[in-house]
Amino acid sequence: MYFVAKVKEDECAKYNCKQCVLFCPEPNCINFLEKKSTAWVWPDKCKGCEICVYVCSDLLKRNCIEMVMVQAGD
Amino acid sequence: MVEQKVVDPDYLILEAPRERKFITGSQAFAEAIKRANVDIAIAYPITPQSETMHLVGDLWAQGYVKDYYRAEEEYGAMSAIAGAVRGGARAFSATSGPGLLRGLEAIVSWPGHRIPAVLGVMTRVVNAPLSIQPDNVEIAYLLHSGLIVFHAENQQDVFDFTLAGFPISEKVDVYLPVVVATEGFFVTHAKGYVELPPEDMKLPPRDPYKAPVPPTDCEIPPARIQRDAPVQKSNFMSYLIHAVWQQEVWSANERARKWINHYLGGLIEVVNPKAEVFIVASGCAAAQGREAQRYAEMEGLNVGLVKVRSIRPFPTQELREVLKDAKAIIVPEHNIVGWLCKEVKAVIPNGDRVVEGPRVYGGMTLPVELIMDEIYKVLGIKKEKKTLV
Amino acid sequence: MKRYNIRIAGVGGQGVVTSAHILGNAMSAAGKYATLVPFFGSEKRMAPVEAYVRVSDQPIYEVGEVVYPNVIMIYHPQVITHGKSYTMPFYTGLKEGGMVIINSDVDIIPDEDRKVLEELDARIFYIPATQIARDIAGTELATNMAMIGLFFGITKLVSLEHIEKALIERFLGGTFVASGGTTALDSAIEKKFKKKQELLAKNMEVIKYTIRMAEENAWCEEEEEKIAT
Amino acid sequence: MAEEKVIKPGPAGYIPQPASFLGVDTPPPGKALLYGEVVDEEIAMREAAKAMLTRRNPTIFPGPLVLWGYNTSAIEKAKAVLELAMEIPNCRIIPMPDYRPKYPKINPEAEINPNHPNLTILHNKIEACIFVGVHCHYANLSLRMIRAGTNCFTIALCAEMGHEDAMVSLRDVHADDIRRFRDVVVEMRKELGIEWEPKMPPENPSLPKEEWTNVSPLDFGEYAYLLLPRKGEIVEESE
Amino acid sequence: MGLEYVKIAPGFERYMPRDYVDLVKMGQFGRQVDVMDLGQFKELVEDHPMCAGCYMAYFIRIFYASLPNPEDTIVLGTAGCARLALSQAAVPFIYGNYGDTNAVASGLKRALTIRFPDKHKDVVVIAGDGGLMDIGFGMTMHSWFRREKFTTIMVDNEVYGNTGGQESGMSPKGVQLKMAPKGKQFDKINAVELAQTAGCVYVARISPTNPKRIAKVIRRAILAARHFGPTFIHAYTSCNIEYSIPTREVLADARNREKKDFKFYEWMTDEVKEYFEEMEKKEVKA
């Protein structure tokens, strides 16, 4: 049981900003889907540091990423 | 610089005509490097090694060696050798006593990193108080890390071991560093006759792709190369990985035997194989032992000599075979700990036959007379001596 | 041929190590065998210096200092009178029937030591080497040449041409020149070379003189087969 | 040959002695090793072929020197390996693309790693395998670990001097020699009366089932987005 | 050769594991990626065991995305946290003894220059403050004195993170750490000034707050090392464990430090400056 980041895609799609992708420490973890203009998280790779949340909420005041609980093997 | 043509190692080392020169041990190292097609030599000053690396520096200035520099210190020099060899170059360095110990962390990591290089070691005292005299206790520090260790008796050995060191170390089933140790001053600064093959011939260049590990040169897969994996038991590693890695280093050391036999004519040399009493010795002690054997023969005593050329791999089977009927085995040494004697005792079933010594240390000479005394003792001969000590 | 294990004792500045090299080179030039070992210290003027040479017509395996010599050459009287030697007393380790060559015009061996030497059956030769050097070469720096000359005069191990070859190798050969050289470099070397040649000729004169000296005094050894221990 | 085979399939124990400590050395040119003994290549090839044809889950482990087409001889060798694989009934190919200790853990169905080759062997119950195109150092590490902890029959097709810790080791093996070995396999198969229509082994199970080759590299994000299970998404077919 | 060794042998595309296929088809090899396109290509670095929210891991991620020629680059690391990620990248990596990076790199770069006189093989050292400024100090300095043509990147977390949080020469004065129970007694070493004095031709100090700028600095450091001499980047890469920074605030901390003692600083010799100006002119034209 642990937290991973989850992008609220509809919210995210409004901005086309990509900033969370650029500040994540993990490779290939937050990716960007150009077609929908939204970021998305590969949950297997997320270590739950919340830096993306800081970028989206604290810096940009957009609140498009939330931390959600997943079960091991989810 | 003489124009050199590449010849087969077997030809250069075993067949090419040789010419006799009267040169120092340091010059013998340099003559070997001149014919070894060395890419890079890295030096750091220390007595008595310096002269060798001066001469190798001159070889660079003349064009025989492609790159050369004076490193910051031995740890840096030995690390840079590891870098150059990973990059596919053929490399040489040399050191002595305290310098060897300073570089030791890097040197003993070469076998595990599979670094085929040749390192000259001109022995001198390593323990305090400081001294620059020939005492080979430092070889003991080299015996347990997988390095191939040769111990040269004289200038000829220095040349032969160093030149053959390159093809032996670069064999795919070996791929380990070769140390050519010899006594400082006694060999490096003394002159002796050396039979040299022509200087217009050299070894083929190193082929880093004929190797058990890929060179780090971005020319060969895998891209994700992990030659130096920090392997230990962990959640993503087998508990066996480090163990089998060590086994691989020592297996490679074992596999070197056949190449040592091929290029150096055996891990040991035997004089008078039917002897009653044997002197077993390496390096300069073997030279003294050779003289003692001759003196004994003149006096009608049945004494033989076993010169140990290769300390690692150690000639276990060979010694057992030669010494099986020996009444006594005398092991003269140039150090206080008697590392060769320990090795010999470990392979001779009845340790009582092995005479510990004579030993000299701290730079003292090992007079032949001291070995003769031991020979008389084990044969029960009483001698009246008029010589004054 | 007899094996000569030679210990040379002198003081810094006398060319002890140089003469060891020349002894070795001369033997090599004659197609015989020699090994040499200088004493490894930082030799300073007037400090004790030793060098060791082994010569034979058989291969020599032994290395290191000569602990038990059968030839001792004393280049400076102070080695005996002031004890300027690493091996004290000066005859330490001398074998039976050996020889001692001393650079002195007067007898300087104390009675007690003489007794020991007599017991060992040692031959003692005095030679005013420094005086000879000064008279003939005009410099006391050729003392070592006088000593070598006498040794070869007594032992007849090599001929004059071999000695000359050894001198040439020591004084003129083996200089490393990195890359060909320019004209300026060449002329500098030439000048140096000329001076060296003069030096060489003078040294040869000294050597010839002392060889003759050995002959005139009938010091020469008989060639004999003897176990070299 | 001694009655007791020197190097036989394991498990040899917690930390067995490497073959070279037991006196086994690499074979001389033109010869091969079979159970640690020097034999003619033909004999060794036949024994290897028999093992691949009769033991459970025969698998080829190609190393980087076969997997990556870095020169013509590697490409040729790769081709020969595939030709060989086609002739071995129900053979699988599990690659060793590199040698790094892989974090957090390999997928044992998708690859083999020299730091824990036993995982792949044990997971897939492989009882006969061929190493080809692996650098000797890593092949030796793997062969030793496999002999220590599994009952797998190991065969090394070495381009250099061979491997003492394999049950069968051939040396100086290049594309032509692999094809020679393939012919021995075919011959042996006929001798054993095994029916088999040559076909390619199944593809790597880690690969997405979709046809991905026509996706533009620039679309990686989009492509992965379509294929990766996301939170709350139900995936019908999983690996 | 370069690119050839990262091409899958024909026929084996269907036998390679997924991540390798992705790497070749959708990775950086053979094309110039823009760091701003991260998240839309397969990165060189794979999953690694560095801590959650580690900004050293972040810096390394950006580093790999910034390489001008990953297929001809060799990275050297040393004991410490960084190697955990460096060893998981699709770029050859050398891991020697502690602190030996700059000596190994010297030998390696010279060997590659001997063997491939007509090719650029980029050698990059990424090591921590302990490896470069403490135990390997002499080798770091001398590689610069000798003007060895490779890049040194110091990922400075101001602590020995991997061994459990001991004081390093780069820890700020007064900070209480293991082996500094009364707080560090002397100032942080001024690495940037040392590098300038020691002969580096390009020197930068950076806090990882701006990926575009990190990428530019890394590219410049590598290109300058190719042609002119040693280059050095001092990067602040906080240790959120030993300095107790909540992971969510790691970026905030980096921004904060940037305002204080990690102000962006870039210095280069006139020769290097001229070279970059030339290059930029050409790029604009193209």
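The letters A, B, C, D and E name the chains in turn, as written, and every chain counts its residues from 1.
Assume a contact is a pair of C-beta atoms (placed from the backbone, for glycine too) under 8 Å apart; a residue touches a chain by one contact, two chains touch by 3 or more.
It should be emphasised that the depicted structure is a prediction, and the values quoted were computed from it without experimental measurement.
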item	value
Chain nearest the global centroid, as defined over all protein CA atoms shown	B
Which of B-C and B-E has more C-beta pairs touching across its chains	B-E
Label of the chain whose CA centroid is most distant from the centroid of chain E	C
Greatest separation from chain A - chain, by CA centre	C
Computed distance of Cα centres, chain D from chain A, in Å	40
Mean-CA-position distance for chain B and chain A (Å)	60
Chain D-chain E separation of Cα centroids, rounded to whole Å	36
Junction residues of chain B - those touching two or more other chains	219-227, 229-230, 236
Residues within chain D bordering two or more other chains	67-68, 70, 97, 100-104, 220-221
Residues of chain A whose C-beta touches two or more other chains	31-32, 34
Touching residues on chain D, where the partner in the complex is chain E	62, 66-71, 74-75, 78-79, 82, 93-95, 97, 100-104, 107, 110-111, 201, 203-204, 206-208, 212-213, 215, 217-218, 220-221, 223
List of chain E residues in touch with chain A within their complex	35-36, 38-40, 42-48, 50-55, 57-58, 61, 64, 211, 247-252
Residue ranges of chain E touching chain B (in the complex, touch as defined)	1-2, 5-6, 49, 71-74, 76, 79, 83, 87-97, 100, 103-116, 121, 138-139, 141-142, 146
Chain B to chain C touching residues, read off their complex	22, 48, 58, 61-62, 132-134, 153-154, 183, 185-187, 189-193, 284, 287-288, 290-291, 294-295, 298-299, 363-369, 386-389
Touching residues (chain side chain C, partner chain B) in the complex	24-25, 28, 33-38, 40, 59-68, 91-96, 116, 119-120, 176, 178-179, 227, 229
